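Labels A, B and C are assigned to the chains in the order they are written; within every chain, residues are numbered from 1.
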Amino acid sequence: MTETAAVRRHWREYLSISPFFVLFAAFSIVPLIYALYLSTQQWDGIGDSKFVGLAQWQRLVASNDFWYATGNTFLIFAMGQIPVIIGALIAAVLLSQPRLRARGLYQTAFFLPQVTSLVVVAVVFQAVFSNRFGLTNVLLQAAKLPTFQWLTDPWGIRIVIAAMIIWRGFGYFLLIFMAGISAIDTGLYEAARLDGAGPVRILGSITLPVLRPTVIFVALTGTISGLQLFTEPQLLFGGGSGPDRGGLTMMLLQYQYLGGPGAATAQTAVTPDLGYASVIGWAVFIILLAIAALSFRFTRRGLED
Amino acid sequence: MTSITRTGSARGTSTRTRRRPIRPNLVATHVVLAIGLVLFAFPFYWLVVMATSSTSDIFSFPPRLIPGPEFFNNFGQVLANTTFVQAFFNSIWLTALTATIQLFLASLAGYVFAKRRFPGRDRLFGLVLVTLVLPTGVALVPSYQIYAGLGWLNSFWPLIIPSAVSAFGVFWMRQAAVSAVPDEVIDAAAIDGAGFLRTYWTVVLPMIRPSLVALGIFQIMWTWNDYLWPLLVLGNPAQYTLPIAIQQLKGNYGNVDYSVVMAGTLVATLPLIALFLALRRTVLDNVAGSAVKG
Amino acid sequence: MSKIRTAAAMGAAAALIAALAGCSSGGSDSKTVTIWYRPNSLPAASIKGVQKQFPDVTIKLVKTPDVDTKLTSALRANSGVPDIAVANTQPLRSAQSKIVDVSKYGFASVKSDYLDWKVKAAQGDDGAQIGIPIDIGPEGFFYRVDKFKAAGLPTDPADVGKLVSTFDGYEQVAQTTKDKLGAFVCDSPDSSVYVPKTFGQGYFYYSSDGKLDPGSAVNKQGFIDATTFGQKGLCLNAQPYQSDWSAGASQGKLVGFVGPAYEATLLSSSAQNSSGQWRVTTAPGGSSSQIGSNLSVFKTNADPKVTTKIAIWLTNATNQASGYQTDRLFPSTPASYSMAAMKEPESYFGGQVTAQVFAGIAKDAPTVTTGPASITTQTVFNNAMIDAVKNKTNPSDAFAKALSAAPTAQ
């Protein structure tokens, strides 16, 4: 069979997936090429741009900002994204126990942060963790314990950002895991329990294997979005990096060089340079692609059926 | 992944009715979950407190922890100072439309990638995965320019088209089809003479319903709360979506009357909560089995 | 049968996408003038009256949050740019080629209606007028009468103003309230000390001949003094618009601060419970003012003459006077200051006529030379100051470090 004949025979399949690729071609390829072009320019975004060749790449390699941001991103990722995924998996398993009372209440409570607007998240986290009048410090003070400068100490900042990630992401990952678990036959669990299997064994021998496509999905998308971490520090510091750059991440740095939203009022301490911003974008792309390829390797079996 | 599909088809031996004594395990579970409940629900609860108090009360000491009487006053200011009602309807139809398109296109593509064999399938799917990683941010400038060139600025098209089908959606629906739709069922449908679209509609869709609904919830949430892109492309207050309308309460130089903003936010959040409560059982309760038997 | 249905469904999807190509939006023509403005950035009288004033053109008022973001995005792509926008002028300087020099279209004849320093601050390269002044932010000292009384300090605005007129006097007041009440009259060293010390000298990181000059003596002195002030523990260390600031004001821990006139909105919503107790007087170190916003007219296909005329009308003295009470837009037109709207006593300020206090400050404020890098540079030094106060770094060292991170002229 020739290739064209095969294509013709499978026209329905190609047509079904074509909307994605049409959109991809129209609205991703062009920006991608544009970003490549921008990476050779120096441009504040409004005035005239200037060709600088590979100077932006040299700047990236030489700058301590980007590497600091990269390290900080991985640090916060380990403190926030990994715990939230594991925690949500455990909660999903707990919540899928048969005859659990108040299941709906728990599920709703865990999901509430997902529907809570980011405006609220920013206000609440500032109010809870602010140095002087924040709820945490007020409570610590009342208990005669030493207070902690959550929003000015770099480690405090990382902890608060990690807490935000966990708080916001929990319901999302829970929903994903539970959607996967709900496809598992309850009878399997009952049978395993009758055989005397404990919760850990049930998790290892039934839940996880059946959940594998879901776990792969979460691992891949969770890693990608976790390393593109940006919203939480941006909310906390209005676009700035926070004291001693404790909240600086790769994407936040890119946002700052983009002259991000509210450029005129945001606390950005850098001169906008779209050329440098696109070089950062490409560097992040390369890092993520390497990680994705690596994890793809490990999880290959799950993607093939 | 064939092992999964096999276990999936061996359903129907539930022993639900058997009685079981209360286990200490269950108590521990409740303790853990209850602590989580308080921590996770607190910010939302506080949103309710803030929306019903005055800004000054929020910041007083000791901090106000029970809802106050100011809600109607606050919300009245929201209605007076923003295009809230119109924005509410804009958000409703826009969200419903984009979610419907996304669900249809993503599930169709996901099913095709998971269950149909055709030349180049794996390579094309690899491309879908790569697009998940593509650098965003910088794309804002050329994207804006593309829509300007198409003459779509100040219209809803830039909000509908890019979210018509996402790599995330396709990937998610593919994984759902891989784990929830046994090959045997597809084969059986083929023997019954069901065509491509009928198999998708009557066999595959019901079986991936929990995942489909989950994607729907996410898509609706994202569209509903999206701020930056609608701000950039919508040029007419009559077109504003809810997040932009609420930000209209943010005054000159960053002045914010928190309790008023919170009152608007609370009302804007209610539809999402209602939606979640309505769809919760479909996604979260263990309903597997029924689809296979049907 | 199924094939037909498949094709139909696919066709529907394709048709949807194809249909979109036919849809286009009308661009702006010379008869329609689109105005973008932040909420509360135009006086109510301007918004209400502009269409009636210019019946020959259709005026489209777009109240949009984050107008600077939206404007940047439109200017970058050079499409969707409005005819007029109320915005910060500093970041727009590099887009000067897309902005109308309004002095060529009738602004020159009304120029003297506006504060001279404000007009100059809205000029781009070669003296091109790229903005028509609207509000300014004269810096005053806000304080609480009841708390000052409790601390044994004078309470009359004139007396307090005299007491804090020097930074030494200000420091003494700060020490007194801290010792006697455990409360602060400085929110953050950058806004309460650094701003008056630099803006008061007409300095916003550019020398008077328009060169970026972050290493100047004014900056160095201001930075070191403010950092030292903060390191003595005399400030609450909370930035305006952060929750600690509002909590401090609400809970009586922040009983005074230096801030622009428009911060009264923040104050009155955060600290409703101390209504009637607040007063305003002159700030330490003499008069200074935040620059505020301007109306920029863009080179769209609308007639620049008409558009400029509209922008001038929107900012005339009568309209600007109406913006103070409701929106805290302090007028840049001195004629407004003697109008009735600016002479009303305010209950939040115990019946004080705050507009008159700020009017005096506004008239005396020096010309501030600004440039495209002003705000970025300010952020660098502010961040450095906050870090230095927290880490107790030697102020001179902190300044040197910040200077090396500051933008340099390109």
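One rule holds for everything that comes next: contacts are C-beta pairs under 8 Å (C-beta built on N, C-alpha and C of every residue); 3 or more make two chains touch, one makes a residue touch a chain.
Molecules present, by chain and UniProt name: A = Sugar ABC transporter permease; B = Carbohydrate ABC transporter permease; C = Extracellular solute-binding protein.
Computed from a prediction, not measured in an experiment: that's the story for all the values here.
K.L.:
Would you identify the shape of the chain contact graph, picking one of line, ring, star, complete or other?
P.N.:
Shape = complete; every chain linked to every other.
K.L.:
Return the chain label for which the distance between chain Cα mean and whole-protein Cα mean is smallest.
P.N.:
Central chain: A.
K.L.:
With contacts defined as at the top, give the pair, A-B or B-C, that has more of them.
P.N.:
A-B
K.L.:
Roughly how far is chain B from chain C, going centre to centre by Cα mean, in whole Å?
P.N.:
38
K.L.:
Measure off the straight-line distance from the CA centroid of chain A to the CA centroid of chain B, and report it in whole Å.
P.N.:
That gives a centre separation of 16 Å.
K.L.:
Indicate the residues of chain A shared as contacts by at least two other chains.
P.N.:
Within chain A, the residues that touch at least two other chains are 12, 16, 19, 45, 123, 127, 133, 261, 265.
K.L.:
Which chain B residues touch at least two other chains?
P.N.:
Only 58-59, 61, 105, 140-141, 161, 164, 196-197, 228, 231, 247, 253-254, 258 qualify.
K.L.:
When you check chain C against every other chain, which residues touch at least two of them?
P.N.:
6, 13, 17, 66, 69, 76, 243, 247, 251, in rising order.
K.L.:
Considering only the defined contacts, which chain A positions touch chain C in the complex?
P.N.:
Per the stated touch rule, the residues are 12, 15-16, 19, 22, 44-47, 123, 126-127, 130-134, 149, 152, 240-241, 243-244, 259-265, 267-271.
K.L.:
Please output the residues of chain B touching chain C within their complex, sorted ascending.
P.N.:
Residue positions touching the partner: 54-56, 58-61, 81, 101, 104-105, 140-141, 144-145, 148-155, 157, 160-161, 164, 194-198, 228, 231-232, 235-237, 244, 247-258.
K.L.:
Hey, which residues of chain C end up touching chain B in the complex?
P.N.:
1-3, 5-6, 9, 13, 16-17, 20-21, 23-25, 34, 38-41, 60, 62-66, 69-70, 73-74, 76-77, 79-80, 135, 137, 241, 243, 246-247, 249-251, 262, 265-266, 269-273, 293, 327-329
K.L.:
Quick check on the complex: what are the chain C residues that touch chain A?
P.N.:
6, 10, 13, 17, 66, 68-69, 72, 75-76, 87-88, 90-92, 94-95, 236-238, 242-244, 247-248, 251, 253, 372-373, 375-376, 379-380, 382-383, 386-387, 390-391, 405, 407
K.L.:
Quick check on the complex: what are the chain B residues that touch chain A?
P.N.:
Checking each residue of chain B against chain A gives 1-4, 7-8, 10-16, 18, 20, 25-26, 29-30, 32-33, 36-37, 39-41, 43-44, 46-47, 50, 58-59, 61, 63, 105, 108-109, 111-114, 116, 118-119, 121-122, 124, 127-143, 146, 161-162, 164-165, 167-168, 170-172, 175-176, 178-180, 196-197, 210-211, 213-214, 217-218, 221, 225, 227-228, 231, 243, 246-247, 253-254, 258, 261-262, 265, 268-269, 272-273, 276-277, 280, 283-289.
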